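Residue numbering begins at 1 within each chain, and the chains themselves are lettered A, B, C and D in the order written.
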Amino acid sequence: MPSCQVLRLLQYESSENDRRVLESESIWLCLSCDTCHSRCPQTINTPKVMYFLREESVRLGLAHPKSKDAQAFHKAFLGSIARHGRLHEIGMLMNYKFRTGHLLQDMTLGSKLYQKGKLELLPHGIEDKAAVKNLFKRTTGDKE
Amino acid sequence: MRIGYYPGCSLTSSAREYDESVRAVCEMLDLTLVEIPDWNCCGASSAHVAGAELALGLRARNLALAEAAGLDEILAPCAACFNRLASASVELADAPDKRQAVSEVIGMPYSGKVRVLNMLAVLERFKDQIAAKTEQSFRHKVACYYGCLLVRPTKVAQFDRVEDPQSMDQIMAATGAKPVRWSSKTECCGTGLSTITRTELVANLSGRIVADAAKREAVAIITACPMCQTNLDMRRPEINQKLQQKHRIPVLYVTQALGLAMGIDPQRLGLQRHMVPVELPEPEPEVVTTDDDDDED
Amino acid sequence: MSRLGVFVCHCGENIGATVDVTEVAERCKHMSGVAHAEDYKYLCSNPGQNKIKQAIQEHQLDGVVVAACSPRMHEPTFRRAVSDAGLNAYMCEVANLREHCSWVHQKADSTTEKAVDLVRLQVEKVKRNKPLDTIQVPITRSALVIGGGIAGIQAALDIADSGHKVILVERSPALGGHMAQLSETFPTLDCSQCILTPRMVDVSRHPNITLLTYSEVEHVDGFIGNFKVAIRKRARMIDEELCTGCGECLQKCPTKNVIDSFNEGLSMRRAIYVPFAQAVPNIPVIDTEHCRRYQKKKCDRCAKACPTKAIKFDQKDEILNVEVGAIVVATGYQVMSTDRFPEYGYGTYPDVITGLQFERYASASGPTQGVIKRPSDGKEPETVVFLACSGSRDAAKGVKYCSKICCMYTAKHAMLLKHKNHNAKAYVFYMDIRAAGKNYDEFVRRAIEEDGVKYIRGRVSRIYEEDGKLIVKGADTLLGGEPVQIKADMVVLASAALPNHGQGELAQKLHVGTDPYGFVAEAHPKLRPVETTSAGIFLAGACQSPRDIPETVGQASAAAAKVTALLSRSHLAREPLVAEVNRRPAPEYSTCTGCLLCETACPYQAIGHEDIKDRNGNVLKTLAKINPGLCQGCGTCVSLCRTKAIDLHGYSNEQVFAEIMSL
Amino acid sequence: MADDVFEPKITAFVCNWCTYAGADLTGTSRLKYQSNVRIIRLPCTGRVDFMLIQKAFARGSDGVIVSGCHPNDCHYTSGNYHARRRWMVFNDLMEFMGLDMRRITFSWVSAAEGAKWATLVNEVTDHLRELGPYTEYQRLLNAGVA
């Protein structure tokens, strides 16, 4: 369903329609390109709405099956930052692949990237790793 | 002149050539880059999933570190990092309460004064020097591609105009390039989170951009965003498969294009790292000067 | 010692339900200076008013407090009643027990307590009231109409027909306004020029109308019944008496490349020009910004061509000072230009035009003699997309309001296109179709059903150029938001109607209020729709908000009726609540020191100064002097006065301090 | 408990055209607010003299509200601008004299803002209730400052 229908359903303020939205795949398709926001005559920040709906759908366990990969990606990404303070692309990608089972995806691309010097095998963390770990702890509890 | 520098994670690995070319060009322009000590990842679009507080904290730490190092302006060449950091800077600028809260989270003070600039905003200031340092006139038709994150949302980017932006076109024109008038300047390449998770969507969206640039007879797509560059360059096999075409139009970072014009060694600019080989035709012959947007159609 | 009467109203249950009215009346009896107090069910009724009148006579009251609804409601009623009973009308005050007490608080002792306080406040005030007489001001029995579009034309004709003199000021060289630019009018499709031209001729021939075109209001002073207006009559460089309108001069002018604003920039005109063929007056103007005579100090071809020697190159602007009793503002609107739309190309695509430009193409007297063409290459477009709500109802980049006329003229445009080119395709993107009006919805249905105009419900997110076409990308919300893409030859924006340029400056000169968008504000949105916030200044037409021709004409006639009613009297009674400078016996004369701070603060230029002189004419002292005819009673001067020499009748220092001290 | 609640005394100086009419609208809309405020109707906030405010405190008000038309909407074109300018000048003076500035509220309430008037009065009342009685002013009076 297009985003106008997502918002229309929410305007009903009915639990039934809310559920239809939270279970939809639509809310996971937004690229946050912000084009709609910049052209909206009512300045609705649709990407922000979509962020919120995703959080809600995960929290309530209603997330669309196709969103699994995206969720796994975010987990892998955040895990990498929480550990090193910066993103370690290979580590993150391996983590993502294990989480999703897409073990063979982009295998050839990966080796090409490595040849071009675009992938670092070892993570380059920051000095003050404790600072970032604390940041995670204070804002999200103890989980990564 | 000196300015704070926030390379961001991509520029240390998959977009290494952007970092290399930024440093090379800034050196030519006598602009000293002072890397923010011990910067951390801005959190990109993933931090939001774990909550707004974490997302803001990750970004604010970098601003606070910059401030502690005495930097009041920082350059974030990566469009995503720019967008994330700038939005934090704007959000915190007029909100003492929020600053107070975030200072506690990151364990550092922040007074809200650091301004975040993208690559184009910085280069715009050096248009005259760029023209002066151009050794080999870059007389090519180029498609300047801005993407989403440099101009939107207006409140955050505070830069150029939101539809049909002009800054990169003017920067490139300073080297003698002929920016084409095209309609995909600010179309989305499909990055979001789907670069890796939804490759089929990316090929579709990026494909339209490559096809449009090719149709307008551009010999290179110029960008200032690692995500855009990656999608248009690294995903080219998928794009060509989707379009049933063999587009070979290279995708250069704006700093790489400027570097070539200034006569910097291609190796130093990291051109060898591209997936689509960077092979530019002979520059177009110098003809009677016309307006930069002569009719393409 | 005063003998005051207090009358407390129950207002049925409205006050009685939460305030113990009997208790209030009882308590009032014990207030100092109160000779009589009673309560009654409805004081505003005739029996209620009679009770007050009887009590005044019976108890020889010298002041009255009515505790009832808001004074904004019935103060005049009770003042009239008091006056009927022989007391001065201004010896009556109203305590607001309803809007400020019973309706906003729960039933409680504290609410009754507040009611008592509110009455005591007025009791203390009225004790210090002074009898006042209304001020009689003579009226200048003529009117000024600003703006020569259909609104101004109609208002001027109606006022003039009633026998009063009218001065009609129009800033462009000819009458007609936007209506003269229109092709055909909805919903009847009759030709705009054909119905307008006779009216313009009527104006020029009417013995009671003085028509001043190419003129602007420079300065306005005074007040209702007595306005003094300075009008700048700009130099046309033509002697209007000598010019016969033969047009010889127009043919000879060598400058042919001036953008023609009457044709909305779609064609060129000469430096000496008449805006359009049927122009009233049919007298040319020399555009000195483009004329070679003024720019390069040479060329006199027009003067040579003129058979009556009417061309006067050294003519100067004239300032005309006139006095009028009433003013009608009819300054119209302008449309948002195409460069205000980022996603539609910032005005860079020549074939994206405004509705007003389309009117000029469709008009038989337009740049293409009524053939619809497109600006870029002059070809007749096959596919035209019309975008309703361009800038209207767009809080982000345009204006929040609905421009009201666009739904109808867009239907008309699409219809005209189909009538002129049967093979053309017309698409209309719309948010809602607002066609309320006599025969309006039927008109839109005709466009859709008989003429085959395709209506798509959705907005257009982007327009770009590709292969000589305009790619219009939008969505069809009736197909669930499905993306729609149309390759168009031309796009017509029904762009928002805005307050006319210069409207803000004029509003300031006139001291009339404007709304947040800059349109002239009406005195009351429902009950006083053709009056402005300044007495004696009326409004008509789209200067108030966008509106169509029938509504504009109706409003213009309404404003004219108001003006006529005002001018039918010889004098005007005004409230005597004005400021006054105190006077003392010599040698003090007044506590005023003549610092004249008040003069600069007065928003009405009502304060001047006077000299106290001895027999020999030597100035002993200079005092501020207030013109009661100009003073509106705001009291700004009172609080500014350092020596408390100025006081305001009805809100005097003594009265207000007594009110405070009563609490 | 309810008996112990402090009921502040509030004097409001409002203009006839905007805030007085706005407060009328509060009534017509039947919106409820606390009954502590006593309105003194003036033609315009331009008529509000600093002495009036001072007198209200001297007379035992715990708080004062001054409210008129929004900037640009003044019935008298510019009276409210004069009020605002005077307010800015006297603000410093009153502060210097030792007046408790938290007890003076300056606001714009238009004839259309009935709900805003109710909110304003409630907020001011609650705030003054927290601040307690303005006994300090009597001390200033005795010291001959105010």
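Some notes on this structure:
Going forward, contacts are C-beta pairs under 8 Å (C-beta built on N, C-alpha and C of every residue); 3 or more make two chains touch, one makes a residue touch a chain.
Just so you know, these numbers come straight off a predicted model, no measurement behind them.
Two chain pairs are in question, B-C and C-D; the one with more C-beta pairs in contact is C-D.
Note: centroid distance chain B to chain C, computed from Cα atoms, is 51 Å. Inter-chain spacing, taken between the CA centroids of chain B and chain D, is 55 Å. Centre-to-centre spacing of chain C and chain D amounts to 33 Å, using the average Cα coordinate of each chain. Between chain A and chain B, the centres computed from C-alpha atoms are 22 Å apart.
Residues of chain A in contact with at least two other chains: 35.
Across the assembly, chain B contributes residues 162-163 that each touch 2 or more other chains.
The multi-chain contact residues of chain D, meaning those touching 2 or more other chains, do not exist; every residue touches at most one other chain.
Chain pairs that touch one another: A-B, A-C, B-C, C-D. Interface residues of chain C facing chain D in the complex, by the touch rule stated above, are 70-72, 96, 98-101, 103-106, 108, 110-111, 113-114, 117-118, 121, 511, 513, 533, 577, 601, 603-604, 632-636, 638-640, 648, 650-651, 653, 656-657, 659-661, 663.
Note for the complex: chain B touches chain A at residues 9-10, 12-16, 38-41, 43-51, 53-54, 57-58, 61, 104-107, 148, 152-154, 162-163, 186, 188, 190-194, 196-199, 201, 234, 272-275. Chain C meets chain B in the complex at residues 342-343, 345-346, 348, 462, 464-468, 471. Interface residues of chain A facing chain C in the complex, by the touch rule stated above, are 1-5, 35-36, 39-43. For chain A in complex with chain B, the residues that touch the partner chain are 29-35, 37-38, 45, 51, 54-55, 58, 69-71, 73-74, 77-78, 81, 85-87, 89, 93, 96, 105-106, 109, 112-113, 116-120, 124, 126-128, 131-132, 134-136, 138-140.
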